[in-house]
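The structures come next, written out as structure tokens.
You will see chain A twice below: alongside chain B first, and alongside chain C after that.
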Partner chain A sequence: MQTMSRKAAAIGFGPFDLKTWGPLLALIGLMVLGTALNTSFLSEGNISNILTRSAFIGIIAVGATFVITAGGIDLSVGAMAAVISGVMIISMNALMNVFDSASLIIACGILLSLALGLLAGAFNGLVTTKGKIEAFIVTLGTMGIFRSLVTYFADGGTLSLDFTIRGAYRPFYYGDILGIPVPVIVFAVVAAIGWVILNRTAFGRHCRAIGSNEAVARYSAVQVNRVKTLTYIVQGLCVSLATIIYVPRLGSASSSTGVLWELEAIAAVIIGGTVLKGGSGRIGGTVIGAIMLTMIGNILNLTDLISNYLNGAVQGVIIIVAVWLQRGGWKNKGQ
Partner chain B sequence: MSELRTGIAGGGGQAVAGPAPSNAPAQYRQPVLSARHISKSFGDIQVLFGIDFDVLPGEVHALIGENGAGKSTLMKILSGYHQPTSGKLHLDAQEVILPPDGQAEDLGVVLIHQEFNLAEQLSVEENIFLGRELRRGWFIDHSAMRRQTEELLAHLNVDMAPDATVASLSVSQKQFVEIARALSRKARVLIMDEPTAVLTPDETSAFFEQIRLMRERGVGVVLISHKLDEVKELANRVTVLRDGHQIITTDADELTEDDMARHMVGRDLSDMFPPKNEPDFDAPLVLEVDGLSVGTALRDVSFNLRKGEILGFAGLIGSGRSALFEAIIGLRQRTGGITRLNGETVEMTALDQARDRGIAYLTKDRKGQGLLLNDGLKVNLTLFALRQFSNKGLIDDTLEDAALERAIRRFDIRVRDRSVPVGALSGGNQQKLLLGKVLEIDPNILIVDEPTRGIDVGTKQQIYNFIAALAAEGKSIVLISSEMPEIIGMSHRVAVMRSGRLTGILQGEEIEEHEIMRYATGLKSQGTADATGGTNTHADHVA
Partner chain C sequence: MKMTGKFLGLAAAFAMSLAGPALAADKVKIGVSIPSATHGWAGGLNYHANVAVDRMEELYPNIDMILVTASDASAQANDLEDLVSVHNVDALVILPFESEPLTDPVRMVKESGAFITVVDRGLSQDGIEDLYVAGNNPELGRVSAEFIKEKLGNKGDIVVLRGIPTVIDEERVDAFMAGIEGTDIKVLDMKHANWNRDDGFEVMQDFLSRFPKIDAVWAQDDDIAIGVIEAVKQAGREDELFILGGAGMKDIIKRVMDGDRLVPADVLYPPAMIATAIELTTLNYVSNAPVTGRFILGAPLVTPENAANYYFPDSPF
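Showing the complex of A and B:
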């Protein structure tokens, strides 16, 4: 019996498809490990902490799932988050001379952030599609541009949000609704909407078709350039949402804001089971991937077993093992 | 080191790879490779039943059969890619177990796949020596490889630069690189899977020369082909497979093409094509194209299409037929010309606009442009008409399931498990799915481009019947095909193209092989004024 069910899982029949449930199993495994190492791991405060911290990368990674599913890649998201944070802070500080109401200023900042995310995404998308340049190159370029812009705006130092606004803005990160932290709610809503769009709409189906075979998509009357550009816009909007809840956390932006977020976002997507070369995307997996990445750091903080400085190394190992498991590398052993 | 390892250099080219061809009658010659009582099962499904097959030195042994008959499996067993479930292989009368993954090439058994196995960005020379580069110490002996490549290519009578990248070559040139590569590996058995499927007539005849040359040199050639005329022309012996069983193995002289077809399908195929139901002479014109041009590739093409008509488009490969229709439906940018649909001038700049006006295009490149090979049947079937399956912006699963159910019944798509990726289906079933996909929008105009390429006779007949039935329903069909019998057997009128121009539109008695070839090769032309084949009708219509 045992062999049979294992066989079924390997082939992908039945409810025990490793591709679908693998990331969840890994997450549960990680939680068991965390609890074993430190019983306070499962405390409400710690879990809520993990989910809140994973929200930034998670929201960005939902956008990245669209880009990667459609066969693209966006390396500029970390730098994009930094430059949007910077421009938001500068603008909100400047608006203090115009408006008295802090909420009005914050509303302007949020709208500005969304507009910038949309523009930056549209830029990445249009240059990739109209300019016929590989997404890797385009977004490597914009990554450099965005990163140096924030350094320039901050004059090499740190941009700080004015304290009066900071107080009013605080709840966007530190607040909660019915005991659930705001970032977690935003993350959940973004993921739910993302799941519906990717799995239940023509746009999502078109993303998969393009990532799977662009020529087939074109000959199936899919507006390839439009869909691809839209994935970068979705990505840009996700970055701007993440930025909106990130800014009140520290109230500042500098050249080191969002460093390596692009890699963490891509890692979350890959751990979640989305194929890097496109054609198949899993929002649920991405969410779990983002939580796992944060959880690793959290567990290392709670234990003395491994130095916290090795966080990146453990994450790296997890990424490689996750992909190895998904590719069925373990299956060939016996054969 | 200077000696060519194939043994076919050495001046006069008289030396041969492997044993010399004997003039003794076939039955006295010893086979190079023979298979005895080969059976093969995949899981519970048996696909080959006790096949005996051998290859003599210096013969062409054709292996024919419908899709799914077991040709590919037998071919892979003969070249070591699969191991038989039971039965034995003998190489030079010695029992062998051929090593997997192409390593049998070292024993002189070479399989040339339908999809070439070449590294596109490497040069001809690098490809020929890939995996067994000549070395001097730690370094590659570039000059020796260059010299041997030049000798090989000269020997094959192929004009090709050894340092050309493979990506820059034409399909037929790539095939010659594969052959050169096989020769350089001292091939004694060369197994070729539908080698001419992608070649133009000129390239095909050059390729035949190569095969004859190989045969003279004592190479045993196994040829898998759907083109029975080629089999008739090239093969010494023919083996027919049907449903995994060996139906007959005999001298090619003893079988007519009709015999072969009958053995393949197990029934008479005298009525390959359904009867023609010509549309009324005054049936309305659904599509009129006037002076369409695409740069220098297509110049001033004009024609029209009636309701219920099957309009054939004949011509050599590269004559611009696909480009013409891609330009009409917005997949290619045009530089001039007018398109009218039902008398109304329209400009379509993207395929979705053509789709929304009821035009569907079935691509000739099933795997590259037609189907998502890693996705399931359902996703493929509904992709072109996806909007019809959406309900308030969300895709409705039950509508999709119902569509698949319908298509499987309507097009007789044979699939055991509906969740398999379409890449796992046979070519015929893929083609039927693709036809189902473009017909999901219920088009008024259906453009089919090489609709029966690489599929078996039985499925071909089914597809002809679908097309004829659609025309009888009042749909208008454009049939682009390089298979002359198909054009002649199906079309009500035939437009012939040559080098981006429409050279003539034939009807009635004119629809005949030699006449079509005369227009296709430029011996005859009707001139642009007559080329619409319906100038008068057109004028009437406008008036």
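Showing the complex of A and C:
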């Protein structure tokens, strides 16, 4: 009986498998806390706000799940989102002199965003693998490059999308399909595709293999460099998608766009049960992690019980507790 | 005699030809140290600093300006050391990142004999600067409170979005709270939106789901106001409230100018104050106008009537 349940837990269906259920339990706990502090927490509008807001970090974190599973790290995503937003805005404003149709301009902007994400990701990946430089250093470098570029393009100020295009582009953030906000749908689709790729394809298996042990993966004929580069490209494309729904929100980008998104994305991935040193990844957990991070900020805004100056401390405590619950630290008491 | 005269003339010409480059080397060097463009207002600051530096150098050939930007307080302290030891500046115009950590570094520059102009954020010790140029943060809070009081008829529910937790934010908010004291204006809650558009959007979304009735929003800053405007629009509650920002961003000034009902006014806190400081410091070397002392800019209310005076479409801010 005992071996049965242990075996069940090991393959991920057992009722006490904390890796799977821990993040969800933490999320439910947070929701109970939010409701207790303010009943408007559960209102339809607020839940929709939380899910829509978490879409940016969530989509980026799905990409980060691949990178981290394969044993890498990408610190450049926040700055990458900022520079892609900036270039999109500049190009779309410039294209107004070329095309009359706003939808054509927006289509160009979206394609450009995807191309830039792909290139930026490929750059990070190739320099890491071919250049044999640690991902931490490569992406720290590109983070600085991207952040400076957006400041340079914006002349230190803010790039704003022209009002006529902004009107046509607004539905990409503010619109909804069957009552579900567009960003939430994009987030759900990205997460579903990410889950299939990570869990049901050779590429996903190779990511896990490389993350567990790169040398063994190489001897097992896994094309390590190619797979690793691809994870950064996946990450870049996820950043593009997040940017495509971010730009219509405020129609602007500046040097303060996307600051610290990289850490939030990494935190979402880890809260969700993926191991920072690689080898195993959980897209579902990442989704919950991203929602949790947004929810903490939301709950703090809905109450005046806690001094504003302590917001960061509350966030820190909740993140640590969430991961502690998930690792089952409390079960090993006395050992 | 004639010969000597000729000789003297030659010598003078020779001396002058030597003096030419020597004079160039003896240009008055003015160092300008400001925070780098990390948010909208600082972006405007950088723009106006660059424009002023170019204008002064073009106007006065004997003035040489060295503009340096720093990303934090300790980097700025390093910049000051370089300005003294490498460039040997005659004057320093500085907008300190933070008051406390930069007081001593600025005093060291002062001890090297330089003329010191401090902008916006005062040092924590008196008597170091020769010239102090600043906007007026308490005045911004007071003018904002006056406007909201008048517009609401001394009665209503408001929310406040604060900036980055700093002395600047404290001064503005304290003066604002003092301004509405004794009225029936109730502050439902205050949250930090860090002078940031995205934070302004999210904090306002949460205020909107939390409070069914809001009569006015004091956003304190125009970047925050941009985020607030979008959140209010998304909730479809444009008709129940108005928003007051601050600083003088061109997008907001434009809205005021166009008579936008949601944004009826703005309170000025111009990043162009760095240009005031640079020009006054330059005057010290090119004219005999006395410039030492304190120069405090007003925080005028921008209304549809006077908005055109404050609209700079070319500035990035």
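Brief remarks on what is shown
Following the convention adopted for this analysis, the second predicted complex is superposed on the first by the 314 of 335 C-alpha atoms of A that agree within 3 Å, B and C clash if a C-alpha of one lies under 4 Å from a C-alpha of the other, contacts with A are read in each partner's own complex, and residues count from 1 in each chain.
Here is the rule we go by: a residue touches a chain if its C-beta (ideal position, glycine included) is under 8 Å from a C-beta of that chain, and two chains touch if they have at least 3 such contacts.
From a predicted model like this one, the values you see are computed outputs, not experimental measurements.
The superposed arrangement places chain B and chain C next to each other on chain A without a clash. Counting the residues of chain A that each partner touches, chain B and chain C differ, and the larger count belongs to C.
In the superposition on chain A, A:A122 makes contact with neither chain B nor chain C.
Judged by the touch definition given at the top, the superposed model places A:L302 against chain C, while chain B stays out of reach.
When the two structures are aligned on the shared chain, A:G157 is found in touch with chain C, with no touch to chain B. When the two complexes are overlaid on their common chain A, residue A:A168 makes contact with neither chain B nor chain C.
When both complexes are overlaid on chain A, the residue A:I90 reaches neither chain B nor chain C. Of the two partner chains, chain B is the only one that A:R200 touches; chain C does not reach it.
The gap separating chain B from chain C in the superposed three-chain model is 32 Å, by closest C-alpha atoms. Note for the complex: chain C touches chain A at residues 36-40, 42-44, 46-47, 162, 165, 189-192, 196-198, 201-203, 205-210, 223, 226-227, 230, 234-235, 251, 315-317. Residues of chain A that touch chain B in their complex: 196, 200-202, 205-206, 208-209, 212-213, 215-223, 279-280.
Here chain A touches chain C in the complex through residues 38, 40, 43, 45-46, 49, 53, 151, 154-158, 160, 174, 249-250, 252, 254-257, 297-298, 301-302, 304, 308-309, 311, going by the rule given at the top. Contact residues of chain B toward chain A in the complex are 331, 350-352, 354-355, 361, 363, 365, 368-375, 379, 383-384, 386-387, 390, 393-395, 437.
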